[in-house]
Structures are given as C-alpha cells and as structure tokens.
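Shared chain: chain A. Partners: chain B in the first complex, chain C in the second.
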Partner chain A sequence: MRSVFEARNLTKRFNGKTVLDGINLELKGPAIIGLLGRNGCGKTTLIRHITGLYLPNEGTATTFGTPSEKLGHAELVDIGFVPQEVQLLDWMTVEQHLEYVSSFYPEWDTGRQQQLLDSLELNIDDLVGNLSSGNLQKLAIILAVCHHPKFLLLDEPVSDLDPIVRSKLLQFLLEVLQEDEATILISSHVLRDVEKIVDHVICIDEGQVTADAVLDDLKENLVEWTVHSSAGNLPDVFSEAYILEQEISGRQARLVVRGNAGELESFCAAHSVEVTPRPLNLEDMFPWLLRGGWS
Partner chain B sequence: MILVVDAHSGIPVYRQIVEQLRFQVSSGVLEPGDEIPSTRSLSAQLGINPMTISKAYALLESEGVLERRPGLPLVVRRQGRASERSSKLEQLEHALRPVAVKAKQMNVESSEAVEVFRRLLDEED
Partner chain C sequence: MNTLKPFFLLIQRPLVLFGAVGWMIIATFLNSQLVSKGGDPDLFMHAVYLTVVVLSVYSGWIIGSCIQELQQTSFLSLLPKSQARLLPGFLLFGSAVVLAAVLPTAASSPLPQDNWMLFAIGLGAFATGASIRDPQSVFLTGLGIALFLVLIVTSGTQARLASDHPLFVVFLAAALVVMGLYRLFSHKAVRLRAVNRGRPVLVFSAEKLVRAQKRRELVYGPKNRGWRQGYLGGSIAAWLRAAWYESYGGHRGMTLLKTVGASWGVFLVLFIEAQISGGELGFWKSIFWVIHDSLMRSPLSPLTGEHSGAFVMIAVFIIVGGASMALWRPAALSGHMLYPLSRQQRSAVMFAGSFLDMAILLFAVAPVMYFLGQLAGIAAGIQPRFDYVPLFFRAILVTLIMMPFAYWGRLQMQSAAWRRDSYSMIGISIGLSVFSAVTMVLVITSGFVFKSPATELLVLLALLVLSRLLYRTCVRSHYRTADLA
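Now for the complex of A and B:
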C-alpha cells in the first residue's frame, strides 16, 4: 500500500466559518475508499485540497508526497477528478470535448473511451450544452479516466444516473482498481452503491473525521440486539459501556451495541436473557458513524 | 461456481463468501481438486471489490479448505475425515443457534425441541 494523500491538522475556513477543523487522515491505495458525510460537512472542500484547488489555512495537505501549494502537472497528470457540479464547454460536441481534454495528457486510452461511450450509452455527436444532467455525469466520468489516473476522485458521481448505468459504472470502477492499481475516493450519498465496492470508509461530520475504518470491521463491530427475558421484566436501564442506544419495554429490549460476539455471551449470562443479534449495513450504521470514535 | 452475496447485509461480504464456500465443500457441491475462480473473475461476476474476495480466500486457505499451488488457480483441498466431520458439525451448530435461542425464549423443554428436530430430519422430501 502506498500513501496517496495525507492531511495533517488541516483547517480551512470560509468567511469565518470553519469547514475543516484540524483534520488528520491518510489515504492509501490501491483501494476504493468511501467518503461519507451529510451535506455541507466538508467532503467537497477536502477533495479540493487533494487537487490543490484549495490551500489550507492551517496545517498541511500533501498529494503524492507533494504539498498542495506545489502541485503541478507532474502530479495532476496522475489524478482524475469528477466534480459534483459538472461544468463543461457547452458549445462542443461530446466528441470534440473528449478530444480537447485528451490533449492535456501524455497518454489517452481511446479503447477505454469507446468502451465507456458504448456501455454508458453516450452519443458522441450530442452537443454538451444539450446533455441531460445524467449524461453530463457520464461524460465527466469518461473525461476523468481515460488517462489511467493513479488517483481517481469522484464527488457524488452517480446521483443522476439510472440504476442500470450506476451498476455499470460501479463495475467499471472495480476494473479501474484492478487494471490501473488506482486509489479511488468516492464521495456519495447513495450508500447502497458505495457499500458494494468500497473497502475503507471515512466519515466527516462538521469538519471533523468521525470514522476512518475498514468497512468489514465496522460491520462486525456495530450490531443491533433484540433482547428477550424469559424470566420477568428487564431492568430500567442497562449500564454496559458498549451499549450505544437502548429501548426497553417490559421483557423485551432493542439495543445498538458496539463490539463483538464475546460481549453477547457474557451479557446473556449476566442478565439471564437471550439475544438475537442483527448485523447492521452501512445505511443503518450511518447515524452512528457521524458520532465519532470509529477509527 | 454460484455464490449469492448481499452487499447490503450487515454481514461482511467476505464472511458470506467464506460460509458459502465452506458449505459447498461440506455438501459435496465442491469436491477436492475442484478449481476456484480467480479473484478477478469472481469480482467481475459478483460486482464486488476484489480485496474482499482475497480476504475470503486467504481465510479459507488458512483453515485448510482451499489450497494454493504455485502459478495455478486455488483448489479445494482434500480434507481428512475428522476435520470434514467437525466442520460440518460446526456449520450445523451455527445454523441451529438461533433456533435454540427461540426454543429457550418459548420455554420449550430440550427433549421436546430435540424431538421436533428429529421429526424434521426424518421427514420424506
């Protein structure tokens, strides 16, 4: 694994509002990393530091070992970026735009370009200005990957795409991972899609990193328990430290628990109850990830 | 090889793959010497991250269910009788655990519960 981006005490403010607050994180690859967070939490701001569009107010942001203020052609040529707000040259056709952007890069894979045009169903003669938002997203994606970037950044890339196209795109990202040994950072609200392909998850809330962990570890460590007592009512409250949330009613309770199977057995023994555990998926876990402490 | 995984389940995908492959080996669907698809092809087939598949394969290899041969695809390893039997019993125990919990919650006598299980096993298909 190599480090592609590092933020150390990264702080960024706009008009007195602190959007990123002393962030520390390291992105390593090859991998597919999900960047999660609510709207306005700082995801896009963080991504812009990676490409050097923004410079930190305090702390450092380093991409491929180069600080953001020194990023130049040498680094940018290995990065692919799909922004959330796609802004392209309206008056060009799809074909012309592809040709135009390809000229910035030393190598452009026209085979991959054609493969994507076919699979994402984009017409090269269409005027960019007339493209639907979904088709603009598709074009933005093709523009970002044909130079085989080592680091691919996607900011809400699938929000306007239909399920068939989304699925093709996600499949394609897996190919990029394997063929190019790329590090892919995908920021998306569509947690179901992200969940299929990421191995690592980073969660940002109010300018802070609240989770930075392997997805499988999170799934194994955040569980919902249905508690049943065969012998009388349950106590009013359970005081075990690993219980994040509890809802108790008579002989039954629902708990959200941080931890693993070991605690379940001792909990059952301690309270003379049976527990049916339910593992939580990414969407279930999301509110908990925002609360912090998952690193 | 057919695997059915649910990426939206709270159960990590690598664990689902491990459990299904263990079951396929125990039930004879996969036999010793059968080749296992490469990480890349299974990743394309299931639409999941290849690292997840590597994780599952590595675990199965360390358990002795799969075997790596230099330069060749992974294969199902020939298992000793004893370890085959204990693996089947472990899987059965895992499958029965939630049922045992239910029986306890309903205060069913263990002898009665076992009798129900025996009847189910004896049922003609």
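Now for the complex of A and C:
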C-alpha cells in the first residue's frame, strides 16, 4: 500500500466558518475508499484540497507527497476528478470535448473512451450544453478516467444516474482498480451502492474525521442482534455497556451492539434469551459512524 | 406591508445594483444645476426627458429581468398568488424610481413644465424597460428595443407633445404601462417562462453572442471542429492556444470578426444612426457623457464639434468592448476544470491571455468599430474624416491601461467565496459601469491635460507598462494563495 494523500492538522475556513477542523488523515492505495458525511460536512472541501484547488488555512495537505499549493503537471496527470457540480465547455460537442481534454494528457486510452461511450450510451455528436445532468455526469466520468489516473476522485458521481448506469459504473470502477491499481475516493449519499465496492470508509462530521476504518472491521464492530425470549417478557432496559441502541417489545428486542462475538454467549446466558446476530449495512451504520461511537 | 414584503425580499439582489447606479441620479441633478446656470433651455428640456426616459427604462429593465428570472424558477412559479404579490411592489418600486429621476431635474428647471406629465412618461418607459428583455419572443423584444430607441431619439418631440397634447401623452404612457404589465404578469407569459427556463438577468453580453456563434459553427460547419492539437505538454504557448480556443472556438479570424461585429458593431451603428439622424439629440452623448458633463463640462469643448458625438460614441464602444472582454470572456482557461497545470503555470497562462485580449482589441475590435463608425457616418451623409484618430487611439490606450483592473475584479469574483453567492452577475454589471465611466473620464481628461501628443503618448505607454506589471504581481499572488474553481 502506498500513501497518496496525507492531511496533517488540516483546517479550512470560509468566511469565518470552520469547515475542516484540524483533520489528520492518510489515504493509502490501491483501494476504493468511501468518503461519507452529511450535507455540508466538508467532503467536497477535502476533495478540493486533494486536487490543490483549495489551500489550507492551517496545517498541510499533501498529494503524492507534494503540498497542495505546489501540485504541478507531474502530480496532476495522475489525478482524475469528477466534481459534484459538473461544469464543462458547453459549446463543444461530446466528441470535441473528449478530443480537447485528451490533449491535456501524455496518454489517452481511446479504447477505454469508446468502451465507456458505448456502455454509458452517450452520443458523441450531442452538444455538451444540451446534455441532461445525468449525461453530463457520464461525460465527466469518461473525461476523468481515460488517462489512467492513479488517484481517482469522484464527488457524488452517481447522484444523477439511473440504477442501470449506476451499476455499470460501479462495475467499471472495480475494473479500474484492478487494471490501473488506482486509489479511488468516492463520495456519495447512495450508501447501498458505495457499500458494494468500497474497502475502506472515512466519515466526516462537523469538520472532523469521525470514522476511518476498513469496512469489514466496521461490520465486525457494529452488529444488530435480534433477541427473543421464550421464558417471558424481556426487561424494560438492558444495561450492558456495549449496547448502543435498543428497541424492546414484549418478548422481542432489536439491539445494536458494539463488540465481538464473545459478548453474545454471556448475554444469552445472563438473560436466558436466543440471539440472532446480523452485521449492519452501511446505511444503518451511518448514524453511528457520525457519532464516532462505533469503535 | 405583508403584500409588499415578499417583493422586496425577492428583489434584494438587484437593489444592490440600484445602489451602484445611484450616481446617475446625482449626475442628473448636477447636470441640471449646471445647465440651469447658463445652459440652453431647449437643450435642458431634451436632457430632462432623455434622463427620465433612460433612467426609467434602465431601472425597469433590471427589475423586469429579475422578475422574469423569479418567474422561471419552478419554486416560485408554483407558489399561490405569487404574481399578485410581485405586482404591487413592482408598481411601487417603479413609481419611486421614476420620481427619483423626475424630481431632481424638475426642481432646478428654468422652464415651466408639467411634472406629472414627465412622471407618466417615466412610468411608461419603466414598463417598457421591464418587458424589453423577454426571451420568449424575439419579435416583441425587437419591438421593445425599437421603442426604446424611439423614446431616446425623440426627447424633444416628447417635450413638445407633452405641452401641446397632454392627454395623448398620458394615454400613450398608460398604454405602455398596460402592455408592460401584461407581458410581465399575464398567465400565459408566466406559464411560458416557467416551462422555458432561461436567465434573463444578463446585461448586454459579448459572451452570449460568442457562445451562440461558436455553437452555430460547430453545429453547421463540421470542418470547423478542428482542435488539432496533440499532447499540450508544459508549454505556456500551447496552453495559451487552448485558452484562445475555449474563448473563441475555432481558429478562423472570421469567427472573431463576426463576434466583434455582432456584439458591438450593430449597436454602434444603431446608436450613431440614432444620434446623427435624430437631429434633436444635440445634447445627448451617452450615459457616460452625462456623468462627464456633470463633473467637468469645460474639457468637453475641444471635442464637441459638429457630429463629434457620433465619433466619441465609437470610443465609448471600444471602451465597453475592452471591459466586456476583460470581465465576461477573457482569453483564459475555464475555472471549472482541473487542468494538469501548476498554480504558477495557470497564473502564467492567465497573464499571457491578457496580451491576447490586447491584440484582439487593437487589431480586431478597434478597426471594426472605426470602420463601422465611418460607414454609419457615410450612410448619414457625412464624409469620412480622420481627425478623430487620436481620440480613438487614446481611448484604446486608456482602455488597455484599465483592463488589468477589470481582470483583477473578475479574478476576485471567481474566487470560491464569491461564486457561492448570487451576486457575481451584479458585480460584473457594476464593474462594467464603473470601468466604462472611469475610463471615459480618463480619456477625456488625458486629452485635456496633455497639450503635446508625444508627451501624452509617453505617459500613457508608461502607465500601460506599469498597469501590466501590477497585474502580473497580483495574478501571481492570487494563484499562490487563493482557492480556485
């Protein structure tokens, strides 16, 4: 694993409002990393620091070992970027835009370009200014991946895509990971999609990193128990410290617990109950990731 | 109050613009003071009618555009009784603006006049301005512009009509108000706007015409699609070529000439024709002239010969051309894309792009303006004349000196903090007004201050070098420290 981005005490303020508050973070690849957080939590701001478009007020942000203010040709040709708000040169046709952007890079994979154009069903003769927001997003994705970037930044790349295209895109990202050994940072609110492909999850809330962990570890750490008692009603409240959330109704209960399987047997013995454990999915986990109460 | 509050909440954005053009009212007042102390009373009447009409049309245009923009948002168009809530505020605001234009001029009038008549004309002009920029109908917009031109070239006739046939003038003004209100608030118009969305809050924009021109060429001229550049590499020259391509499309010079002709030339010819054939427009030079007249009347005298206003107008259009290039569409790389260029390289491209603009102004905009100006003069029966060449040259030089300030303003507006709010277009509008006014005043002052053309040329060239050096320092500093895109 190599480090592609590192933030040390990274702070960013806009008009006195702190958006990133002393973040410490290291991204290593090749991997697909999910960047999660609520609206306005600083995901886009962090991504823009990685590209060098934003500069920190305090601390440092380094991409490929170079500080963000000094990022040059050598580093930027290895970055692919799909911004949240896609703004391209709308007077060009799709074909012309592809031709134009391809001239920025020493290598451009026309085979990959054609494959994506076909797969995403984008017409090269359409004017960029006439594209729907979904098609604009497709074009931005093609523009970001045909130079085989080592670090691909996707800021809400699937928000305007239909489920079929979304599925194709996620499959394609896995191929990119394998073929280019790239690090892919994907920020999205469609957590069910993200969950299918990410290895690692970073969660930001109120300008701070609240979770930075491997997805499998998270799934081991946050588990849902379905509790059933044959002997009679369950107590009104379970007092075990590892229980994060509980919904109790008669003989049934749903608990969200933090910890390992070792607690399960002692819990069953203590309360004379049967428990069916199930790992939480990313969407269920999300509130706990924000609160930082998962570890 | 509850009825009016939503209107003022919704239009708080354009109110900033009114603050910026408040000087027009002050200038009008100063102007009327000067004229009343020894000016020709007939000219004064022209000035009064012209000022009221221009100011009212301009105010109506801004407010009307904002209302149309609001009507195009699906959010507002679906609100219950939204139009009924906009209407009273619109009428109240229009009345206030027209009163603000009428009262200062009327207060110092050396002639007896009917202020209510003037108020009615102003209200008609306000309503005309409000509906002039309706993107739904090119024909009606054309009609509105024609009406505006008629209003400004017939200020004397309006004054005579108001005195001889007051009822007819009031009827005409009322008809204009009803027509304007119908175009703004009728159910059909509102529904159309909600369906066909657009952004009418765009002041006269060269960029829009450039884009339309480029689109046409790309759609209808496949041969022109040629971006024939391989890998750009790290050369600033190659990236400069990319910046040119982003700004002006294909590489044919004709694109540029067509753009210049379409964006500024047509208006220039119309204005000159209106001035020369109007006859009764002796007083009228331009909005900038009104300011200038107010602040420094005497330096004008060397330039105010027969028909000189038309030629001065060419200089004004060169200045507006320069401001437009710097503020709307400089030869620069788009701020929205992540280019594989370091911040230092981007600053170099940005700075070098300003020289491309300089070349375009010198070798395309100025000659086209001059040629069209002479052509319009010939059409109006004036022999081609060359004694105004120094004026044009001075206008070009001062514009080039001032352009870096416009670039700098635009760079600041592009910054992340500015882009997040919706004031950028207003900022550009204010920038254009201030840039044009200040540059025009400097052009005239320069001609007045320096008696020797050689000294003037040397000083202006030195200022040109200085302003470019200053700009280079500022651009470097910006790209070293600012958030981009």
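The rule we apply is simple: the second predicted complex is superposed on the first by the 279 of 295 C-alpha atoms of A that agree within 3 Å, B and C clash if a C-alpha of one lies under 4 Å from a C-alpha of the other, contacts with A are read in each partner's own complex, and residues count from 1 in each chain.
Just so it is clear, a residue touches a chain if its C-beta (ideal position, glycine included) is under 8 Å from a C-beta of that chain, and two chains touch if they have at least 3 such contacts.
Computed from a predicted model, the values in this text were never measured in an experiment.
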**OP:** Identify the partner contact of A:178: answer first if only chain B is touched, second if only chain C is, both if each is, neither if none is.
**Re:** first
Original post:
Is A:216 touching the first partner chain B, the second partner chain C, both, or neither of them?
Top reply: first
Original post:
Of the partners chain B and chain C, which touch A:235 in the superposed model: first, second, both, neither?
Top reply: neither
Original post:
Is A:104 in contact with chain B, with chain C, with both, or with neither (first, second, both, neither)?
Top reply: second
Original post:
Who does A:195 touch here: chain B (first), chain C (second), both, or neither?
Top reply: first
Original post:
Does chain B (first) or chain C (second) touch A:65, or do both, or does neither?
Top reply: neither
Subject >> Touched partner set for A:40, first chain B, second chain C, both or neither >> reply: neither
Original post:
Which of the residues in chain A end up touching chain B in this complex?
Top reply: 31-32, 167, 170-171, 174-175, 177-178, 192, 195-199, 215-216, 219-220, 223, 228, 230, 274-276, 278-284
Original post:
Which bits of chain B are touching chain A when the two form their complex?
Top reply: 7-15, 40, 43-44, 47-52, 55, 98, 101, 104-105, 107
Subject >> Residues on chain C engaged by chain A in the complex (per definition of touch) >> reply: 211, 214-215, 218-219, 225, 227, 229-234, 242, 245-246, 249, 334, 336-345, 416-417, 420, 480-485
Original post:
If you look only at chain A, which of its residues touch chain C in the complex?
Top reply: 14-15, 48, 51-55, 69-73, 76-77, 79, 81, 83, 87-93, 95-96, 99-101, 103-106, 127, 129
